[in-house]
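Structure first, then comments.
Per-chain residue numbering starts at 1, and chain names A, B, C and D are given in the order in which the chains are listed.
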Amino acid sequence: MNQEQQYKDCIEACLQCMNACNVCYVSSLKEYELAMLRECIRLDRECADICDLAAQSMLRHSPFVTQICELCITACEACAEECSKHEHDHCQACAEACRRCAEACRQMLVAA
Amino acid sequence: MNQEQQYKDCIEACLQCMNACNVCYVSSLKEYELAMLRECIRLDRECADICDLAAQSMLRHSPFVTQICELCITACEACAEECSKHEHDHCQACAEACRRCAEACRQMLVAA
Amino acid sequence: MNQEQQYKDCIEACLQCMNACNVCYVSSLKEYELAMLRECIRLDRECADICDLAAQSMLRHSPFVTQICELCITACEACAEECSKHEHDHCQACAEACRRCAEACRQMLVAA
Amino acid sequence: MNQEQQYKDCIEACLQCMNACNVCYVSSLKEYELAMLRECIRLDRECADICDLAAQSMLRHSPFVTQICELCITACEACAEECSKHEHDHCQACAEACRRCAEACRQMLVAA
């Protein structure tokens, strides 16, 4: 796989993860058992903001892409770990999107 | 007051409001009575994102400043109304920052 | 088409437009004839930031979605008009993405 | 200086840097000698986006603050180095704001 394709795949994974985090965030805020979702809500937002920065930075071939992808891996792994504790569909979908995004960022770093 | 000063005041009000919204958001997520703060948490985030866009757009003299300030007024008024319902200091401080920001945006629109 | 699908299509159009604007922006900055692309570079960034807000706001079912989509139409139309003046592939692709995004936002507003 | 004050100072330095980067960006786009400012324009934007994330992350006591501040130092130092090459007032002001922001982030990391 060439580098341009790897960029595209990683950008797509970041945007999918941003989407899943935003959906999980707003869905969690509507759940009956709200208190146990505090950390999930909080991490969804931090992770969405970081995925957004990562996707846009890659699209603009920012000179800081490596460090941003490392940050994105940290955020995605933390968010995946938290979301995977909850049985709601939106939490499970978010955990899965976070794991895929972290993996795509790792592939980027290997290729960089 | 000249236009450049009005810009500066409005940018400052938007950034102060973004700050207050972020503080209220994260403080609300830690409150014991979480369920009654759902809408407050939700609006804090939407309002912070819009204030951020407004401040940066004014700094860059974006051609869309008028429409963005109108949007910012809508968001700030909604967030102020919701936050003012709650007695927490962070909610009251946020409501006050939102009202000041909406007023600064209104002054901008009059001068524009 | 149901409302949920319309949301999805509009979010996708906004993210595609954000991507095209970011690519056009960074590609324009590398062009030899830079001076004639000043307005293109400037609008690409404003439009990307607004499309980003629009996509995320729809994902979170923000109460300000209508006004944000109206803003997005304004930005996309201005960016499309400017980019369509230039023959570079990235400008033409960006103009096309902007027009599709403006149209998707218009469909959203009709359905809302 | 206690930690809360250090947070406030660093947030303020990040927002001042974001402002200076946005002003330098839009002012550079209007300069006659545009070609030599390509890298300056490009870094202004990347740095502004990262300072924005840093300020908001600190306001929300994000668990990723350390890594984000490290990223912010990298971006600010690169932007300061580039801007300091140009004699325009906006470039010099931006270089100075970037250096202050990098220093504030460094102080944060020592205290963290």
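As a convention for this text, contacts are C-beta pairs under 8 Å (C-beta built on N, C-alpha and C of every residue); 3 or more make two chains touch, one makes a residue touch a chain.
Chain by chain, the UniProt names read as follows: A, B, C, D = Four-helix bundle copper-binding protein.
Because the structure is predicted, anything quoted here is derived from the model rather than measured.
Undergrad: More C-beta pairs touching across which pair, A-D or A-B?
TA: When A-B is set beside A-D, the one with more contacts is A-D.
Undergrad: If you average the CA atoms of chain A and of chain D, how many Å lie between those two points?
TA: Computed from C-alpha means, the inter-chain centre distance equals 24 Å.
Undergrad: Distance from the CA centroid of chain A to that of chain B, rounded to the nearest Å?
TA: 27
Undergrad: Send over the residues of chain A in touch with two or more other chains.
TA: 26, 42, 45, 56, 60 - these are the residues of chain A that touch more than one other chain.
Undergrad: Testing understanding: with touching defined as stated, what is the shape of the graph linking the protein chains, line, ring, star, complete or other?
TA: Here the contact pattern is complete, since every chain touches every other one.
Undergrad: Touching chain B in the complex: which residues of chain D?
TA: The touching residues are 11, 15, 18-19, 22-23, 25-26, 48, 52, 56, 59-61.
Undergrad: Write out the stretch or stretches of chain C touching chain D in their complex.
TA: For chain C paired with chain D, touching residues are 26, 29-30, 34-35, 38, 41-42, 45.
Undergrad: Give the list of chain D residues in touch with chain A in this complex.
TA: Of all residues in chain D, those touching chain A are 42-43, 45-46, 49-50, 53, 56-57, 60, 62-64, 67-68, 70-71, 74-75, 78.
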